[in-house]
Amino acid sequence: MKSRSFAAAARDLAGVGRRFYARGWVLGTSGNFSTVMAARPLRLAITASSVHKGQLRSTDILQVDERGAGVGQRSAKPSAETLLHVEIVKRRGAGAVLHTHSVWSTILSDAPRPGISIAGYEMLKGLSGVGSHEHEEWIPIVDNAQDMQALARTVGTTLDRAPAAHAFLLRRHGLYTWGATLADAERHVEILEFLFETIGRGAATRFPLTEEA
Amino acid sequence: MKSRSFAAAARDLAGVGRRFYARGWVLGTSGNFSTVMAARPLRLAITASSVHKGQLRSTDILQVDERGAGVGQRSAKPSAETLLHVEIVKRRGAGAVLHTHSVWSTILSDAPRPGISIAGYEMLKGLSGVGSHEHEEWIPIVDNAQDMQALARTVGTTLDRAPAAHAFLLRRHGLYTWGATLADAERHVEILEFLFETIGRGAATRFPLTEEA
Amino acid sequence: MKSRSFAAAARDLAGVGRRFYARGWVLGTSGNFSTVMAARPLRLAITASSVHKGQLRSTDILQVDERGAGVGQRSAKPSAETLLHVEIVKRRGAGAVLHTHSVWSTILSDAPRPGISIAGYEMLKGLSGVGSHEHEEWIPIVDNAQDMQALARTVGTTLDRAPAAHAFLLRRHGLYTWGATLADAERHVEILEFLFETIGRGAATRFPLTEEA
Amino acid sequence: MKSRSFAAAARDLAGVGRRFYARGWVLGTSGNFSTVMAARPLRLAITASSVHKGQLRSTDILQVDERGAGVGQRSAKPSAETLLHVEIVKRRGAGAVLHTHSVWSTILSDAPRPGISIAGYEMLKGLSGVGSHEHEEWIPIVDNAQDMQALARTVGTTLDRAPAAHAFLLRRHGLYTWGATLADAERHVEILEFLFETIGRGAATRFPLTEEA
């Protein structure tokens, strides 16, 4: 993976932010996005803490190293969850990591069990490497925490135990997913959000739907 | 049906893509769209496989023949579901075919029965040839499959058995509808999505709605 | 009420159409809008039949007289529901009439009763002449029909029997509301749609909402 | 807090209005927004009564004093709820106050209890001064009234009794929240609306969500 232009990375992350904000997935300055600028040594372009995701400017994007520490002279503070991004990049070899707070991912993240399994939907084929709707995607749920060092370790263990997973949920918090490229990661967010909404709404739908149906 | 300009077809399909993407009906590169360029021999302009439907460029649109094979020097791969488009065009004489993945069509496609019947709604009058709300529209549900040759045959049989149907659902997959023109097909998508959402949400609504109602 | 510029009326109706289309209230060429150009003799600017409400051009707007017949050389066909607009203008002295097909108005229009009563909401104060949330708005439901002459008579009787009503619903069809001006009518649509959605969604909401609540 | 440019305040309030209107939180001219221009003597820039919140012009913004009376030569009428804004600014030292009418805040405002408690969500950290998801936010519900002097006194008492609250709901009416700056107040609206929707939708969701889940 060769070094990418920081300006291009910032512009691409701003585009993701505008689209996700429009859909209500990063309200209230929630969420954070990163993309790998260089692999060795690791350099991540990542959104600063507490910035508006619908109006990202290049000054809202920071560079961090493999420990999540800021690189260069930017004064803004990296997102507190930078360590989770680094952990995902290391364990999965991801080129981009996206974290969102949507209504449906938050609702499903609160299921009283260690994860959610989604199977049988054509939309699953949009996840990298999935070739049929006859796929069962296991999405682990990790309990939320404020100690980011500890949470990063839990995330690492969870990823190792679910090597096929494309994502995980933080309980009452939101979604983390990733991809080889930023476009792949964005596609994964859209697919998973679609599936969460479909399953969540479907759970409130009673068949038969009409007297004729 | 005379030959149409490819550039105009690509522009029209991109417009459909932007509108459907905004409504969340083609998330995650899902869905595919086609319009007939020439009838004899059949030439379809169709979206390439795995492209972003909200940002379609003319290079994302391909020409295919009556067997679904690419025509010309484009390197992009036609959508795997091209054969379904061709089947629909042949059986119905359609000028355009649209396939979407919406939350409500996915939920309703999972009804434990061979199809959905929708009757008594004024909105049905927007389907070509329907002149009254006192119409019963039968929308077959076809089980999903990855073998496109076999699925195309099943779709063909289904269309022949439901000669009045304006659409069908693929189970846990999405909606296929069509029209004499691309505008007709887009109107059919909007009408059917409206009806699916109305029926789906209505199923979760209990009357009386309020203590006063 | 003095005569207004036709170009200004067409532009204003197109603006309403864009906003309502964005919200999904006039999908599939559904809905129709009118505004009074002159009172004596009555001249209405009204949307033509079966046109896309999100992309209204001035050629999609027609002038009709007090019997709903086209005035001038336009070849487009007035909406089949023109007679309902004329009836409302005559009975209520309205300056504009708006008809929409939303998901929630369609669901609520199917209540097994002759109308819906909405009371106690602050939002009711946005209806012309309502000064307190302690207002009970009675919204009659009229059975749908394709005979527009007969339906117009039923609407006339309904309006006379509910002299305080700001709107009525056509069963499994949609909403009709009006106002002294187009802006008033648009505000009425927004308020009523808000209240329909609130009541419809609220009916599926069980209290207590959370273990803490 | 030093005096701010009125033109800048009007522009910022118009931006909030456009964003909230797009999300359906200020339909039908509902809602009102204010920002503090000067602290001593108090000068608030506030939206005029009954104006379209999606299309705010500088003439739709007024200056009022610490009693809610208009300052300067503007002829437009201050919002009837100006007294509530003034009360909040005085009790909380807020720099901006935002009032919205959303579907979910209206539904939750009707809970048969004196308030709503929201706990355990990461999104709570977006509220000023909240550092962990292990926070319990108590949102009082105040009965709606048309006597603004009396309602302002009730609001004052409610704020004093719930000193940690970032917001309150008016029953069957809507949300009031505030912040040190307009950006803080807008973030609070987004966070609270997100949480209301999550709790409201979650209440209609039955676990397990799917046979696999």
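Read from first to last, the chains carry the letters A, B, C and D; within each, the first residue is number 1.
Just so we're on the same page, a contact is a pair of C-beta atoms (placed from the backbone, for glycine too) under 8 Å apart; a residue touches a chain by one contact, two chains touch by 3 or more.
These figures come from a predicted structure and were not determined experimentally.
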Distance in touch steps, counted as few as possible, from chain A out to chain C: 2
Classification of the chain A:chain D interface as same or different, half of numbers criterion: different
Turn needed to bring chain B onto chain C - CA fit, degrees, nearest 5: 90
Computed distance of Cα centres, chain B from chain A, in Å: 30
Centroid distance [mean C-alpha coordinates] between chain D and chain B, Å: 43
Shared-contact residues (touching 2 or more other chains) in chain C: 202, 204
Category of the chain touch graph - line, ring, star, complete, other: ring
Pairs of chains found to touch, sorted by chain label: A-B, A-D, B-C, C-D
Interfacial residue positions of chain C with respect to chain B in the complex: 24, 27-30, 52, 101, 103-104, 106-108, 110-113, 116-119, 136, 144, 146, 170, 172-174, 199-200, 202-204
Contacting residues of chain C [partner chain D, same complex]: 23, 120-123, 126, 131-134, 183, 187-188, 190-191, 193-194, 197-198, 201-202, 204-210, 212-213
